[in-house]
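Each of the two complexes below includes chain A, the first together with chain B, the second together with chain C.
Presenting the complex of A and B:
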């Protein structure tokens, strides 16, 4: 990931946090944390944009940050009007970043918006601040050279790591940014480590810098300017008048640097050097201040490319397979010690796998909270009043899955607002609360994550849907469809129920794409609806994408893996059961009828040489089915390997896995098998 | 010696070093013409410092010419302007 990508990602996160804070302010009122979030977003983006020389972003966020600073000081109230204005600010900054990072100029419309927002923001500033703002713009250059009382002289000591240039960042742009925060009074390059031309490796960095920097900003802000390269440099920042810090610095600095500093009259070096010997060496433990302790135990975040986590996951997956082979060999050779060691390794691998997987897992709320604004804006546009509730936000899901499910969810929410929830007068006439309600509910269930969108709107009219499908020639006029099958018609490409196509939804290109996207994630979508009461969309997604805990079985001459989370129980198909079945495809399981699916028949497997037959009872959503298999081998941690294009569309198989023996085992796609079974029974 | 690329940075310094070495071996004085250069990165400035060190050792005079304002500003910002004599 290059620095620009990092900037984009970081800004995106900051803006999202800002939007979440604004939504929260709208709903539950303003508090310090909310104000802090908005201020931080503007402040951080301004700082980062400055490093890249994105002046349009810097200038705009500067004004917004300034106003938020006044809000923080209690001089300006963050009322609903200002909240609305900052929603606009967020969108505009997003646009500015998009243009600047693509090296595109601001076009007429964006420029107009820029002026308009700056005008609105500055008008909100208290009068004295407004005057200051004008003065600061007019006298910016002049003031830079003045040393007013608030300005402090800082010293920055910078050493570049050898591979600094590979980071893609040019430190000169940061120096340029420093000049916008204050004044680089002197910059002494440390050149002694640069070899002669004959010896230099030109892509390596040898240069260093000793800088005196006059500014009114604090240490954190100075360090923030270097945020993107902190891993690639050694940076020391301290006040010129901080005797202790200066002494410590001078104690550890190289002779040649001392000379340079001396030659340039920095720190009154001669005195310091003379005093150097007299400075008592302070033992580290004695000066361990609380802040230092805090630093050593502080948690920090690491930004890692997701491909690296994927790679790690793949490597662990390969180890799982290799270890399965070791376990098998140990069993064959009846080597107990090896078997024990392999078992320990299995546990450890499981722990590592869970830890790596947890890196990718994030609470859905972080992503779902942004839907609040989408719902509010869309409802407002349509003149509807809607209460939007998120429940189960702490449910964790793979970040990739969350990202991929985002667009389908947005589309479905818009559909619910546009087609589902009625206009307030209509709701009143129906005896409903004029305020509609949409709930986005998430919870784990049987190895899957369920996301539900529930609205209390008009519900789906199965007859109307059916008629429309007949009119469009999608189904035969004599088709006998259940309500549920009628609802599923909305997933047909080009099917739209809206009598009038709006710009919110209803273009008829959405729901088929929604279903396809969900199915691509090995998920399923279902609809339940009661006319006049509301609609519920239920999306089921697999918790994991790469590894599953499976259960290994034999069917005919092949081995198959069943996802363990979906297994309810295993039953031996005894003679007694067979007699009771009387040739039917179901058994009586403790008083309940359990349909039996003959896997051997479905996959055209040969007759098994195993004497015993077994039923593995699996559940998906509200469906239970018994899979008729031969031998049961038990629990098996397995890696899903894609089957390639040729086999990718084999119904009932989600992937393959390599067993320790080198054999290939196919992994059952239980939802697809159940789906097939239901359709077969209906036909 | 005229630099023909518009930008001199991490991707250009390897080749630039080779050219500069040739100049160093064959000339008594070196003039670097920066007319075409519109962007300079620190890696290139560092390479010029390295060249200057070699020139000083060998008694070769090193000069820079036709430096545009932006390039000059960047060299100045790096603090290497006086060492390089620009």
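Presenting the complex of A and C:
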């Protein structure tokens, strides 16, 4: 990744954070954190744009940053007007960055916007800005001086006696005690008394410490800290601003210690001790030490290329395989210790693998929150009033899946606003709340993530859809379609229900593209709609593209992995069941008919070597099906590897997984398998 | 094939004319293939069966974390399945497929050597008379006094053909 890409990505992230903050401010009111993130966004972008010499960005963000800094100081209120203005700022900065990174000049419209925004921002600044600044600096200085009245810088000189260790005390615990009554600003260990290696006695202490200690307690209290070891150390305690004591100390101290002190800037040796110089130095130290009670920055993230995570995953898989070989050897040689060690390693590897897997998972909220603005903007443009609700934002999904589902969702939301929700008068006439409602709901369900877009708009008119499809020659005029099949028509390429193409929906990206995108992610989309009441789009996505929580089973000679979350239960296919089947391919499971899929037959496997046959009951959407297998091995986390193009036509297999022994297990694609099964039954 | 590692045969290639070929046997017949297409040669190892595939597409195997399709060459030529012994090997080949390349392993009886052949050693394939289908033969060459086929890897391992599904009953 080159620098410019990094800058682009970083700015994007900053602007996104800013937008999220603005949305948040609109909803729940303003707080410090929100102001902070807006300020930070402007500040960071200004800084990094400066490095690239993007003057337009720098100049603009500078104005915005100034205003935000006033907001932060409480001089300007972040009201709804200002929030609106900052939405504009965000968009404008985005545009500026786009132009600058492409080395394009600001053209008429953007330039106009630039001046307009700068003008508006400047007007928001308090008039006597400069004066305020001076006042605030003065205030700050005063505050600092105030705090200094209590705190005094002390100097502690400590030399441990050779027999110090016999006291049984730990000098470090004394230091931490010092920290509890003040702050150890500088602590220099004095090592010059340490003899040559051959002369060192491990029972003797040779070191000393020179400490700058800032505290509000008095000398007695400090000395008290050393109460128990006073006999075992040389201790000198004096104030930094006590010239006499400092002079005396400096005269008596060893040459090398003096140098050490000088290097660390504890005392200004040449100029001796001057109070004036001491004070700013103390301040500096104080600022540079982060105070503990301050809220730490919320979250920080690393930007890592996803291929690196994949690589890590591969390497771990390799290690698992290598370790399995070690375990095998240990068993063969009956080496218990080795076996145990390998077991520990197995455990650790499992943990590492889980951690790496979790790297890819992020809550959907981060990227869904920006839909709020899209909905508000679109609704405003169309003169509609819409309440937009996001539920289940903490559901985690693979980052790449989230990225790829983004565009289809935007498109669908726009569709819902444009075609779904009616205009307010129409809604009132229908006896609905004039304010439309769109819900974006995310939740995990049976090994998949479900995203629903529910609106309470006009609903889909199946007759109208059908007529349109007939007009367009997509279906036969006497085709007999269920409502659901009619709804599916909107996924046909070249099918658009809006009679007029607006700039909101219908930009050439139809629902067919939406469906294709979702299917590329191994997902599915369904529509439910009631005319006049509303529409619900249900998108089902796999949790992740690369990793699967599976259940390992054996059929004939081969091992297979079934996605764990789709499994409802495992039952034994007892003789009793078999007799009752009477050649049918279903069993009676607690009063329900469960169709059975014979994996061995499907995969042309050898006959079973096992006495016990098992049925794994799986569910996908509303289908239940029993897979007939031989042996059950249990849970298994694994990486999905594509089988490659040679096997692209095989139905019911989503990929392969490398087992600990190095052999490959095939992973069932349950939805495809169910589809295949249903088709087979029909034909 | 610019990215291949030539280090091993750098010296040789400076002094030699022509192309390098890998010689191996399958069903007691000798064959040659373009050595630059060979990724590596490994010992025969177990593979996992994949359903619905043609008889000679045996399944999939794990080569250091990569899943690679396995084709039994003897079975492909219609001489039945390779009988495994100590010398049975897998040659992993780079195969061109429309716009990309992928790796496919072929099971063969024994690998002999890699050797340079000059233009004079190579003859075009006869229309008929060789026991394997002539469309898989690129050229013929002399090896140990006999003419043997140089196989056309891309025709032999045509992904479109290999990936066709065959429903077993």
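Before moving on, here are some points about what is shown:
Here is the rule we go by: the second predicted complex is superposed on the first by the 380 of 683 C-alpha atoms of A that agree within 3 Å, B and C clash if a C-alpha of one lies under 4 Å from a C-alpha of the other, contacts with A are read in each partner's own complex, and residues count from 1 in each chain.
Heads up, the rule we're going with is that a contact is a pair of C-beta atoms (placed from the backbone, for glycine too) under 8 Å apart; a residue touches a chain by one contact, two chains touch by 3 or more.
All of these numbers come straight from a predicted model, not from anything done at the bench.
Contacts of A:558 after superposition: chain C is touched, whereas chain B is not reached. Of the two partner chains, neither chain B nor chain C is touched by A:532. In the superposition on chain A, A:434 makes contact with neither chain B nor chain C. When the two complexes are overlaid on their common chain A, residue A:126 makes contact with neither chain B nor chain C. Legend: residue contacts after superposition of the two complexes on their common chain; A:206 is shown touching chain B, with no touch to chain C. When both complexes are overlaid on chain A, the residue A:314 reaches chain C alone and has no touch with chain B.
Taken together, the two structures place no residue of chain A in contact with chain B in one case and with chain C in the other.
Residues of chain B touching chain A in their complex: 9-10, 13-14, 16-17, 20-21, 24, 41-43, 46-47, 49-51, 53-54, 57, 74, 77-80, 83. Residues of chain A touching chain C in their complex: 314, 317-318, 557-559, 602-605, 641-653, 656, 658, 662-666. For chain A in complex with chain B, the residues that touch the partner chain are 165-166, 168, 170-172, 175-176, 184, 187-189, 191, 194-198, 200, 202-203, 205-207, 209. The part of chain C that touches chain A in the complex is made up of residues 46-53, 57, 59-62, 64-69, 97, 102, 104, 159, 162-165, 168.
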